[in-house]
Each structure stands twice: as structure tokens, then as C-alpha cells.
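Structures for review follow.
Both complexes below contain chain A, partnered by chain B and then by chain C.
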Partner chain A sequence: MYVAVKGGEKAIDAAHRLLSEGRRGDPSVPEITTEQISEQLALAVDRVMNEGSLYDRGLASLAVKQARGDLTEAIFLVRAARTTLARFGYTEPANTSAMLIRRRVSAAFKDIPGGQILGPTFDYTHRLLDAGFDRTSPSLVPETPSSEIPKVLAMLGQEGLIEQPQASGTAPGDVTQEPASFPMPRDQRLQTLARGDEGFLLSLAYSTQRGFGRTHPFAGEIRLGEVEIEFTPVELGFPVVIGEVTLTECEMINQFIGSADVPPQFTRGYGLGFGHCERKVMSMALVDRSLRADELGEERVAPAQDEEFVISHCDNVQATGFVEHLKLPHYVDFQSELILLRKLRAEANVMQEAAE
Partner chain B sequence: MDTVSFNRQSWMRLLALSSWSDLKECAGYLALVTCEIIRPPETGLVMLRGRIGGTGSAFNMGEATVTRCAVRSAKSHEGHAYIMGRNHEHAKIAAICDAVMQDDNCSARIESLVLLPLQKILVERRKVAAQKAAATKVDFFTLVRGEND
Partner chain C sequence: MNVPAYNFAYLNEQTKRMIRRALLKAVAIPGYQVPFAAREMPMPLGWGTGGVQVTAAILTPEDTLKVIDQGADDTTNAVSIRRFFVKTAGVKTTEVTEEATIIQTRHRIPETPLTEKQTLVFQVPIPEPLRFLEPRETETRKMHALEEYGVMHVKLYEDIARFGEIATSYDYPALVNDRYVFDPSPIPKFDNPKLDNCPALQLFGAGREKRIYAIPPYTSVKSLDFEDYPFSIPRWEKPCEICGSRASYLDEIVTDDKGGRMFVCSDTDHCRKQKSAA
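Let's turn to the complex of A and B:
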């Protein structure tokens, strides 16, 4: 028997009003603005842009505010907002070699042309809580910038010591337009990782370092800065710059391989993300490399090398949707389980009595 | 007729890279130029691409909001704008500016009143950012260890 259940509208309405009240908090405390979130909680906004897969600081800031700081919820809001907008097309690939550098470090070489530029980093801070952190410190003394800040891995490439990325002319796949199928090409894997959950990718990356699939990594170069984006509108037929975005890029140098035909050379893993997101792009680069196991003839023995496992579970909107739906009414499903269980127990009782 | 140093791609770039407050300051009055609106400002998405390993095959990295607008000036020049973000006014002013820059009788004046000031602001903004970054460059020095001499 199926019993349709209605009701709860009043309760839901009241719950949402209570949510609003909770979101606002103590009315004697000034309300936070989206501009304040964008400027002062910039890295939370960057994370929402990354995993929401939409570069728009204003929308991401609004999402953070509306979600009361629950970033997974904010990411969900951004993904939903995205579906209301028409797609005009695909941009030209961002040229990270031409990035206006704000931070650039290499853990592989001390002396690199252009130098180690630390930029706005938490590295080397003492991690001591200090309520006075925002007191005005003396302003920076500007220095003359280097005229050229070349890619570190290109220097290794000149000697043939590292594999060179090959550019195919074919258009990359788009996981937002086509369903995922395995094995998945590297371009689609990278797209999926770019919008994947930072925590999930961080843990997988960590697992490779602890021995669950070795990648033996060095941070060849991490760079942060602004990149101009070009787009070719159909009506114009030539590329125009439509703005600039802040990107973080990580190029990992990994364990070398060689064969009878190719002398040994380092391999690479790649990470690229919106805003300032070093932890994310480093994790992405490590997981990208470990997912290349088949391509590089490595035995797949660890979770981080299992393409279907990683790709199918790294999206936190999908994950939270499936996990959290369990709290929604399952009254009918559960009733059927209950009836089945009672029936089995009754049958067991009858058998037991018969045996006695 | 004066010649201008900007070509269409370079002025469209500058109009896209300028902040709304700077554009409004330098070019806000262009909103008064009589233009036929071919396509009113419309916000949509573009998919941004990167390259594997920085220089390899392209991949789709995520979308961005972009606003486009198209106008036709009294002299029948078509002005277009594609500007990242959701600012309709920005896209409209940029499209009008694109149209009037194609008019040889206006371009020199627009260049000196709008483009050159915007260019100066952009160059200065980038210079300051680069100089601040350069202030965080590491100066290595080597500690000489005694070798029992």
C-alpha cells in the first residue's frame, strides 16, 4: 500500500525564517557585506570560485554570505547559478608564461632567473594566534621587478631532462557537456580535478607521498598572478582580451622513467586553479601525476591511481547531494525494509518452534 | 585627421582590463552618444581554458561570467564589447567606445580623453603590483664554513 504524505509547508517556511535569523546572527553586531567577504575572506572566495567552477568574485562572495560560511553549500549555490546562464563559447587557452607574477617559487632550484618571489604567503609565518595581526605594519619598500620570469621546467626541458608537453590540435573534451566515461583523457581528468574538492584531493595527494602510489615529487614551480584572457566572438572573428583572472599554477617534477627508445627523463604533474589556491593546485598536480599510471606503464596499486575511483568521487556537490539526501524522508523505503525484516523473523520463529 | 596609436584589438583589451570606476571616470559621458542598441547588455558564460603543463594540449578549467553588448553608431559603425563580469554599464560604454573609435573624425579625441588615461592607470597599477612582489624576492647569501685551514 502506498500512502502519499503531504504537509510540512508551514514547518519548512518557519525553518527557513529561522535560518535567516541565524544567518544574520546577533542584530547588535554589524552585518557583513559581500565586498568585505571578497576583500577580507579572499581565499574562501577563491575556493568557492574553484569548486563552484565559476570565476566571479561577486557571486562567490554572495554565496559565502548566503551559506553562512559553509563553503560546500556556497559551492552548490554557485553551481546552481551557473546553470541559469547561457554559454557564449570557449576562450583561448590562458598563457601562464605571460603571467603578471605576484608569487613564484621553486623548491627544485635555488637560483632561477627572475628569482624566488615569496609574495603574499603564509609560509614562514609562526602560526601564532595574534589578535593584533591587522595592526598596520610599515608599508613595503618597492623594488625593481625582474624583466623576465621564465618557466622553471622549460629550463630542464632545454636539456631534455624532462618530458615536454605535446600540444594536440584537437578541441578538449568538456565534462560539463558530456557524461564521464573511462578511461578518461587527461584533459577531462584535469577539468574534473580543477573543480574537485580540495580536501579530497589533498588527502589523495598525501596518500601518494606516504607510499600509496609513489610519485616522488618536487615542486618545480608554483606561480601566482594575473593572466589576460582572450576570447574570439563569432561576430568579430578575431581574439579580444575580455579581462584578466588571478590563477595559481603548480608544475611538479616527478619520478623519472625511461625505455629502450627514450633515455630516462623526469615526468610531470600539473595543477591550475582560480585565485590563490596553492594547496589545491599542488594536490591536483600530484593526483594528475598518479592518475597517469597506465600511460607511463606503472602498476596501479593505490587509490590515487584508480581513475574511476578518484574522478567519480572528487566532486563535493555530487558527494554532498548523495550523502545528505539520506536525511530527507525515506519513510516508505524504510517501511518496506521493516515489513521484510518482521516477516523473516516470523518465519524464523515458526521454523524454530517446528524444530522443537 | 590625426592618427591613433591603438588598433581595435588593443583598445578593446584596454576597455576590458580597466576597472568600472576608472572607465566611468574617463568615458562615462560616452553613454550620452546616440547609438542604436543592436544587442542590449547580456550576461553569460565563457569556458576558460588552460594548457596541460602550461604549454601542452588545451583543457577546460572552469567558467567565468562575461557580459556582451553591441551597438551601431550614427555613422553606422558597429561597436562590440565582451567584458568579464556582470557589469552591464561597463559593457555598454565599451561597445559605444568601440564604435566611435572606428570613426576617423573622433578616434584621436577619444584616444587622448579615454584610452591614454586608462592606459596610464593600467600601467601604473601593474607596476605597483610588480614592485611589491619584487620586494619579497629572496636574496640568498652563503655562509662560508670553516674547512680547518
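Let's turn to the complex of A and C:
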């Protein structure tokens, strides 16, 4: 017997009560606080701030809790909150050269001015499950953020070995304010990638390393640290520091271009994100570089070089929305299909019988 | 929580047997890429899991292990892998090339000539030399089977047409035993001549791509080239600033942000020995 799905309101209420119960879990286990999430699941919070496109640890932590740890869902919550906020204007460009560095590595040179600074990293840990780690109190490592450290790519630039980034001459666009159109200028592409899904960008970046649009990358410099953000209020007319954000930046050195007029030079790929997010910014830098195929006169042969494909599909809030919308009722359309299919089959049967 | 106990050198014996079978086949067909069921290792894929699995499969308690990355024993990933084997196998380790029975390496071959008593294990990111000319594995396996290496020569020719020389400075393709074109892993082409007729067994492990290949001792390895554009290796204008060596591969060290550079041996063991001999 076919039972029509009615009483949706009651059903939804009941479902959300179940969700609340499920979110809380066993009441005999202490409830997690947003402060605990912010401090102890810090990298999850960083990811939510990044792809949620909003630098607010408190809100991002709350989103992680509310979403039961489903980060795509948490990102969605933050995006939904962000879009309601009033806009006061645009800050001055963040100056990552003046970053107070906690971690900074270059894979291109063994030693560099300012040194290689490993900082807080999973790199070189052995991924052996260790049930004991949370019972040992961590020994305090005195952290001494270094002062201003020159950029590795700038040093290559002095010799002309790497292309110099060209200013577009126009104010940067804002993908949250303007609809996308193709071809897209690089600034808007980078904005979109910065909000893009880490997993999607990671896989695309990986595909370029395996021959689907090769970019020959070297990690020129990856730096993590704090950067002051300046804003120029109209009333004052000069920039004032309004706060500090944690940023991760990746500058890739990619293999060269050259022509009869310009001697060969390395090219660049760029990645930047909120918080500590190396996987994301490295992926972003590889995808940024491969999306420059047209600009650098490279043949477009792979998915990662296809701007429209990448930009249109990298946003996980969009993607999850459309994929999961298939759970919504489609009774009406499906019914039309059923009718059509039955009609076609009936006609086919008649033809077959006639033929026999 | 139950944390599992680990076997000697981490892998269980069944896995080691599987890897050893792949190694035997690899040695029997020099330069041929043998597929193997690479395991997850407690370090990320792309960080040497292939080399680590090969080393784990051939390691015995009597071995002395040396691990280098970029030619140096003190680079972070080399330290990490060495510690891994000290922890899981308790073997002796050394930084002296002559003392090692197994040397695991990433991106270099030691300057000190190797002997019949030694095995060199390479960490390989992309085992397929044709990968960047043909991304599909189904195609490249066919090309190897048919010995169809024309595209590689075309690529080298196009380099010459565009840049005036073969613009491949590392990961330089070579022909093993006059049969298979192989990828020597991203060692600088400077090291390619050391592959040829080497007394040591050379094993290559690619974990993420699940391939093992080998060059048995005293096997011919010819770097691809043309009669009129013969294979050549780079030379430095100045010797190593620490040990004065003129024959070793030099790393460029940036000393300031005003263009200052110094050149020193990438092989730290070689550099130390040259310096103490001087």
C-alpha cells in the first residue's frame, strides 16, 4: 500500500528533536564547550573559517559543535551567518612580508635568510595511534615569533629568475558581491579558490602532479603566523590597525616560461588561507598555477586547467546543496517520467506483437 | 584503547613476503615496474612509503642502515625515517656510507662508490618515465610492452628545438639493460652515471603508485640522448666552500637577501670525509 507523505511539519519537528538528542549524545558524558573546540580542535575551526569565509573563531567553533563535527555543514552555517553581516568596507591588503612567523619552510633551498622554522607541524611525526598522548602534559616550548623575514621568492626575483607579479591596475573584485563570469580575472579566481573545498582542490592539485596538466612545482615558501590588519575609516583618512589574523601562505615556484623576447623565468602559483591550513594553500597554489594555462600560453588538456570546470565546482556549500537536494521530493517530475516510460513501453509492445 | 604491537620493522611477515616476491621479479626483469600491494604506513604517502616498505622487507637485525634525503643524513625526513627503523627494528644506523649495508635515499646517490655488499633503496614519487607524456597507465604499460619509446625521444628533441638542449635536469630517463626505459626517481642527472654498472643492488619503491623496480648489480644503464646532443652532467665553477671538493654535487645556500650565495656538498658524509682528509 502506498502511503502519501503528509504531516511534514510534525515530522520535521520530530526529526529535529532527534537531531538535538543525537548531537548531545549520551547525557552521562560531559558536554563539549565551544572553547574546547576552539582550543583543541583548532584546525577544524580554521577550516570552517576558511571555507566559511569569515574570520571568527567563536562562531566557527559554535558551528562545528552545532553541526556535530560535520565540517561542510559547519561551513554552511558560517556562510549563512556571514551573508547577514553589515559591510563597513575593505581593509588594506594584508602584508604577509611583515608576518610574525611561527612556521616557515622552503623546499627550494637548504638554508635561507631567517632560517627554516619547522614550528607546530604534523610533518615528520610517525602516525602511530597513541592512546597515551592526552594524559601526558605537554612540555612548554617557548615560542619566539621571529621578526620580519624576507621572502624566498623575492630573492629569486632579484636575479630575474622568477616572473614578477603584475598589478592589474584595477581594484580587486569581490566574488561575494558580484556574480561569476568567465574568463575570470586572477584575483577573483584566487578568492574563489580560497573559499573552495579543501578536498576538491587537493585532488585537483594532485591530478596536476600526476600528469593531468603538469606544473612542475617546488614549494618556494610556506609561512604561518600572525598579520596585522589595517583599515582606513573615512572619518580618519589614514589606516589604523583593527586586529590580527593568523594566515598560512604558500608561494609555489613552477617551471619556466620563456620566449624570443623574454629569457626563461620560473612562474608562480599562490595560496593564502585563514589559520593553519597548509594542505589547503598548497593545493590552492597548484590549482592557481594550472589555471593560468591560457595566460602563459599552455595547451589546456586537463580538468585542473579548465577554469570554468574548477571555479564552478569548487564551492562545497554549492556542491553539497545541489547533490543533497536529490533527497527533496521529486514526485511530480518522477511521475511524468513514469508516464512517459510506460507509454513508450506500451508502444514498443504493440510494435513487437505486430511484428510477430 | 588497545594499541597494537608491531612486528620487526613494522610490517607483518605476510606483507614482507609479498614485497620480497615483487622484489625478486623486479630483479629478474631489470627496469620493469612490478605492481605490488603497497600498504598504509604511519607516514604520509609521497613521503617515502615505497622506500620504507622495501627497506622493511629486506632489513635483518644484522644490517646497518643509513638514511639520506637530498644527500644529507640530517635532513628532517631522513631523520624521521631513520628514527622509524630504530624504533620498530632496533637496527644499527650510521652516517658513514662505507659502513652501511642498506642505504635508503631520496633524490641522491652517495658520492662514495658503492660495493657489492650494499643495497641502495630509492624513494620514488612517480615510477613511470612516460607519465608526463601519457597520463594513462593502460597506455604506458602497453608502450613498455611494445618497447615503444618514440614519444620520449620526440620530447627530448622538442626540448632541443625549444631550449637548445635537453631541458631535463633531474628525473632524467635512462635505458636499463637495453630494454626498459626507466625513471631513476628525481635524482639530479648528475647522479645518472652512478646507476650504470653499479656493484650494489639498486631497489626502487613507489608506495602511492604501488610499484617496485630494480637494477641488479653490474647492469647497464644508459641515459637517453642523441649522437649530436650527448648526455652531459653539470659542472660548478667553484669547489665546495667547506671541503674544496670539485667532484661532488653542490647545494646552493642563500646567505643573505642581497644575492649572497655559497655552494657546499649536498652529500654531508662525503663533505665531512673530504674535509678531515684535507
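Assume the second predicted complex is superposed on the first by the 334 of 356 C-alpha atoms of A that agree within 3 Å, B and C clash if a C-alpha of one lies under 4 Å from a C-alpha of the other, contacts with A are read in each partner's own complex, and residues count from 1 in each chain.
Please note the rule applied: a contact is a pair of C-beta atoms (placed from the backbone, for glycine too) under 8 Å apart; a residue touches a chain by one contact, two chains touch by 3 or more.
None of these values were measured; they are calculated from a predicted model.
In the superposed pair of complexes, A:Tyr124 makes contact with chain C only, with no contact to chain B.
In the superposition on chain A, A:Pro113 makes contact with chain C only, not with chain B. In the superposition on chain A, A:Ala194 contacts chain B only, with no contact to chain C. After overlaying the two complexes on the shared chain, residue contacts for A:Glu249 are found with chain B alone; chain C is out of touch. Of the two partner chains, chain C is the only one touched by A:Pro150; chain B is not.
Contact with chain B, but none with chain C, is seen for A:Ser97 once the two complexes are overlaid on the shared chain. In the superposition on chain A, A:Arg210 contacts chain C only, with no contact to chain B. Of the two partner chains, chain B is the only one that A:Asn50 touches; chain C does not reach it.
Residues 110-111, 118, 154 of chain A lie at the contact with chain B in one complex and at the contact with chain C in the other.
Taken together, the chain A residues at the contact with chain C in this complex read 109-113, 118, 123-131, 150, 152, 154-155, 158-159, 209-212, 214, 258, 264, 302. Residues of chain A that touch chain B in their complex: 49-50, 53-56, 58-59, 82, 85-94, 96-97, 100-103, 110-111, 115-119, 140-146, 151, 153-154, 164-168, 170-176, 186-188, 190-191, 194-195, 225-226, 228-229, 231, 233, 235-236, 238-245, 247, 249, 251, 268, 270, 272-274. Those residues of chain C whose C-beta lies close enough to touch chain A in the complex are 1, 3, 41-44, 70, 72, 76-77, 79-80, 83-84, 87, 126, 131-132, 134-135, 163, 251-257, 259. Chain B meets chain A in the complex at residues 9, 12-13, 16-17, 42-66, 68, 70, 80, 82-86, 126, 128-138, 140.
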